[in-house]
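By letter and in written order, the chains are A, B, C and D; residue numbering begins at 1 in each of them.
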Amino acid sequence: MTEPTTRIIGFLCNWCSYAGADMAGMSRMRQPAGVRIIRVPCSGRVDPLLVLRAFQEGADGVLVSGCHPGDCHYGSGNYFARRRLELLKRMLPALGINPERFHYTRVSATEGARWAEVVSAITERVKNANDND
Amino acid sequence: MRFLREENIPLLLHRLSESATVWAPQVVRDTVNTVLFSPWLEGAEVETGLYSMLSAKELVLPATERLFSYRYSQAGGREKIEINADAPQEQAAIFAARACDAKGLAVMDALFLDRSGASYNDGQYRARRSGLTVITLACTTCDSACFCSSFEKGAAETAGSDIILYPATGGYLAEAVSKRGEELAALDLFRDSSLEKPELARTAKVELAGLGQRLFDIYDDLDFWRRTAEGCLSCGYCSYACPACHCFNIFDEAESDRTGGRFRCWDACMFYAYTQESSGNNPRPEPAHRYRNRLAHKFSYYPLNRGEILCTGCGRCIRGCPAGLDLRDAIRAVRAR
Amino acid sequence: MEDLISAIKKVLEQVDVVLGWARSEAAGVAAPAFFHTPAEAEGAIFDSTCVHNLAVHLPRLADKKAGIVAKGCDARSIAQLIAEGIIKRERVTVIGVACPGVIDVKKAWRCFGFGKRVSDSGGQVAMEGKTVKREEILLRKCRGCREAGPVIRDVTVGEVGKAPAAPADPAGIRKRFAAMSFAERRQFWQDQFSRCIRCYACREACPLCFCRDVCTMQAHEPGWSGGATNSSQSWMAQLVRISHMAGRCTGCEECERACPVGIPLMLLLEEQNAVVEELFGYRAGSGTEAKTPFLTFDVNNDSWEQER
Amino acid sequence: MIGFFICQCGTNISATVDTGKVAAAAAAMRGVAVAESIQYTCSDPGQATIAEAIRGKRLDRVVIAACSPRMHEATFRRALERAGLNPFMLEMVNIREQCSWIHSDASEATRKATDLARKAVARVRHHTPLLARKTAAVRRALVIGGGIAGIQAALDIAAAGIPVTMVERSPSIGGNMARLDKTFPTLDCSSCILAPLMVEVKQHENIELLVNSEVDDVHGYAGNFEVDIRRKSTCVDEEKCTGCMICQDKCPARAPDDFNAGLGSSKAISIAFPQAVPLIASLRKEHCRRFNGNKCRLCQKLCPAGAIDYGQEEAVLRRSFGAIVAATGYDHYDWKASYPTYGMGMYPDVVTSLQYERLLSASGPTGGRIRRPSDGAEPRQVVFVSCVGSRDESVGRPQCCSVGCMYTAKQAVLTREHIPDSQAYVFYMDMRAGGKDYEEFARRAQTRYGTLFIRGRVGKIFPRRGKLVVMGTDTLAGDQVEIEADLVVLATGLDASAGAGELARKLNIACDRNGFMTEEHPKLRPVEAASAGVFLAGACQGPKDIPATVAHAGAAAAKVIGMLARGELEASPMVAAVTESRCAGCFKCRGVCPFGAVEKARLPDGRPVARVIGSVCRGCGICNVACPPGAISLNGFTDKELIAEIVEVLKPDVGYRTLDFG
């Protein structure tokens, strides 16, 4: 084992982002190895408390990815998620968590390349997040 | 009697802290006037004017304690569970407890440490209690929530204390109550004194005679209890602050798939969950049921069963009640009913 | 006081009980009181020690008709309870009172000692010869009060006005907190919650925490926070509550007031309320028809959605 | 007892992940009775190994680390079921798509696979057996759209004995195909092959045809949709109208001719086109004199059947359906605003391909003689411009219309057939002729019909001395080209038809970025929409030519028949459920549910609680988050399961640093 891995919990909706991550795999797109994906049916299933729980358990970062607006398999789940998670992101500084450690994004089933970019970019940002700011 | 000069108090605390964790009432940083017993660090200011929000019981019955840890492992199809019981080793001293706090310890001692061996003797409790020195500050003043004078000895209660400090000009008169107290009083920080003990506080009183039976008599008058408890929010503050309340819950909690522990935590009969049965039934569904239980347990069943009232008149449940309820009003209402 | 007492008596003709305040002899300040009869209502008071938000009792009285004396901030809680369908508008009669701001009772006790009867007039709060400036002892929420009067009221007592003052920073905590790094803040909360004893007074005093008996803060399942009272677990348990207050908290400060160990809960709730207001232009309790932005929104006709 | 099986997937996984090492790690996890590395878990021998272990080791839970659950979760669930376990006692670990294929460092990948395995083992412990629910399904299908896709789907479904309601918003079915003159590559007459099918729809005993109708709202769920259908007011009683056309002949008010793509004109009351089905007049109020302040009642007076009813009102019918087929087709790209250099519609002799179809058609405004709109002259030089609003990022149309190359070739051929001394030019980007006999046909257009194909985009079209100058680049020759044309035909691309997005929202299905409705899987579920019970037929899912549309519609019909033939549906048990003893009765779940799946119920003691209608719930879990006391929980994705995953996947291990939290 070399350098400590930056561990990021990824909550991915089954219909878009999880499929997008699969697509990235099918296209053999290399990605940093720190992301641990937890599959959820919809980003609307992601309770902000799950994100906090992940931080509490020692995650370096958390990423939530769902469908693009208008694409939610359930119609409005991603809109619920966006509201809840936007609030969470804004609350993180008060909780003493650098908001750079939390991201929510949207990746569709066909955006394998985008998923790979998201993983790389966010791993980098989490790695650089300074808690002494 | 021995005398401790005011300026020797830090020296006493320092001396004590060499062999034990010293707990003293202190104002919590960032708060307006919240006083708690907390570990004293060199140089910290001890607050003796205001009463602490919680009693001293957490030194013998902590809000949470781990009874043991377990670790599960599996190799070659064989399962193994290692148990590690953490017996408390700690030596502690509490400075400036009040007579009501100390008496609370004595009340709990009778329950947790049945020395006759006929009843229960709690290892965790015993370990903590035997390592604890109780330095009590006698009350010469009181506030309107205090009602220890309702009990036989009032502010002069000595049960549970090792040594009692009485406020006097320039310092404190010290009276040893136990052997450990005597050892303390023998320290060179104290000197002999022939001063008289000051007059102690006389608090408000509430009549307790016959209350136990009275509570039995009106037990089933639910409308009465509903009226009496109607302002109660059903939080657990009064129980947790009380020097005599000692209910706890024991549960196992996994910390991961392989590790975890058994915990003992405070519990309070004011909570719905306290009597929730797994069938779904709850014999105390309303705050009124719970309020009735709290009062009756303190002043009726417990004294009838064990000869001791589960109240020391400290007044914390009155001072800190978020709903502004006064236990004494309830007692008066019971008597008046 | 005469006006208030007669208003309560009037309302009592139509309801089962009126929630108000009476003086607690022991505490020397107001304590919540339940008036069932006109005789009981004689003891009703309203002064600057009436800090309690009585709306907390309404959900448990949902099957009764109740009257309630409400300050501007309390009325917001009532409105939010109605908006969420937890209580019914027609079952509650609101006696709105003109509120000049209520005092921080803990601070008063610090100044005067517990149980001393406090008098409050002419910008001074006094007892037994000691006085303090009113502004110094006002509750934080009052110093930033934005209520012109109770948002919902059926009867009004007194000239409903405003208590304008700049928000306060008791114990300088906000200033200190603002300057902290992320790591320091985590440590700050760890320290704060190391005192938590899980008495759930915060929850029980909150008028909007309607789950009460079935609250998940106290449940072993599904495991948001452990039952063991330690800093990290208690912190998580509180985050559960705070998260469930998103878009619902009316900022009445009751949780912080109820906390026996002085955890500055409002630091988080104020922040959350400010973010919700900034993002969605929504203040909980602004009306009985208001829709919490986390529960109801129309994707096609919502300015927040359109901007994104 | 948990069984752990890790798949090597040949070398797809084992090349990067040390499957033996992961299996050994799993063997030490709590409750794991067997941990094996298998070459191909999905193969027959692989599945047999798992089944044997389930029976032999009395496993009650299984973790399989292999490819994506999206690939084989269903396969392994069936395997569990065959071995006597509840299929939902399975947890899959995705170590191929999300591990071995994206990492090259074997130790990193192995460590990640071990973390994921640990999380799956912890999670599966919380799994509970779930039972699939069966619900009765309404044995009637709704087909939305009466073009060739809808017609084919409706006829196929009806042929299986399942009643169909077809809703068409225009006055006649037939759609775009009815407007085409001939079809490539066979050049058979479009309406000749379509008309009999249209008539069959009208006459079929199992088909109810509702024209001038639109879907207003959709409620319910697969098997039990409740659909409101809005029947627009046409002022004509469909029962009485005989299609005699007297009204159309005598109507004094001119109106645009929609069927002829705006060429020529029609009347305010008219029959859409001579072969319309149903053959019924309809009145367009916006063009009618009577509805514009005039006293005219001519049509009512003259109608021999007394079918004219000016006071006819809109009506909304509510019908129940078990399944819905969306067959809303396409619209041609509206090019005018986006191609200013082509004249923005100012030059009458720049026409669209659809207008050209009408000029070619014997039933068109010119009776099948090609005449240019400006002066009615017969053109000699006809220039076709391909890819207008197709394969053009600059106008937001990146997609290929998939038919433009072929229909342009066809129109070039037909031009020479109509006017033997004419010359057709085609500006094209690439020649796409991928269908059966398409390439041969396109080649014939050049060789036998002398069409000149110029590879390049047209930069500008402008009038000069009564002609249109078409300037473009010949990218093969590297030259600027300038052609003087009598008529220019723009091969416009295909958009999803107007209103498709709105319908998609009503149906709760997604549209892609080009506005076409999205199928559930691009390869394996091409006719299923993501919403259960909703199917897609034809160009609403993406541009298609006629053979592809017919095949697609037939496939959609087959799915509908398969779904409704048994009369009941099996639904996923991964839905929300309420623990009533924890419910606070706040109904926040009800407020957020997109499907109306939560109802209010009362316990015997009078306490109100939420209850989930299992057959309506679709399993999104939004309610799970909205429920403060955690009483409502999504089966298969409970808080407990997700928390177990979080806790275990993050358990500090060698080489990890952790963020200290509160």
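Details
By our rule, a residue touches a chain if its C-beta (ideal position, glycine included) is under 8 Å from a C-beta of that chain, and two chains touch if they have at least 3 such contacts.
The model shown is predicted, which means the values in this text are computed figures rather than measured ones.
Ranked by how close its mean Cα position lies to the mean of all protein Cα atoms, the top chain is A.
When the interfaces B-C and C-D are ranked by C-beta pairs in contact, the top one is B-C. Centroid to centroid, with C-alpha atoms defining each point, chain B and chain C lie 30 Å apart.
Taking each chain's centre as the mean of its C-alpha atoms, chain A lies 47 Å from chain B. The centroid of the Cα atoms in chain C and the matching centroid in chain D are 52 Å apart. Distance between chain B and chain D, defined via averaged C-alpha coordinates, is recorded as 70 Å.
Among all residues of chain A, those that touch two or more other chains are 47-48, 53, 56, 76, 80, 84, 95-97, 131.
Residue positions of chain D touching 2 or more other chains, listed in rising order: 581, 592, 626, 639, 643-644, 647, 660-662.
None of the residues of chain B touches two or more other chains. The complete set of chain-chain contacts reads A-C, A-D, B-C, B-D, C-D. By the touch criterion given at the top, residues 581-584, 586-588, 591-592, 626, 628-631, 633, 638-640, 643-644, 647, 660-662 of chain D touch chain C in their complex. Residue ranges of chain D in contact with chain B, taken from their complex: 27-30, 32-33, 118, 121-122, 125, 581, 644, 647-648, 651. Chain C makes touch with chain A in their complex at residues 180-189, 224, 232, 236, 239-240, 243, 246, 267-268, 271-272, 275-276, 279-280, 293-294, 297, 299, 304-305, 308. Partner chain B is touched in their complex by these residues of chain C: 24-34, 52, 56-57, 60, 104, 106-107, 109-110, 113-116, 170-171, 173, 176, 192, 195, 197-201, 203-205, 212-214, 218-220, 226-230, 254, 257-258, 260-262, 264. Against chain D, in their complex, chain A makes its touches with residues 1-2, 4-5, 7, 9, 14-15, 18-19, 21-26, 28-31, 33, 36-42, 44-48, 50, 53-60, 67, 70-77, 80, 84, 95-97, 101, 116, 131.
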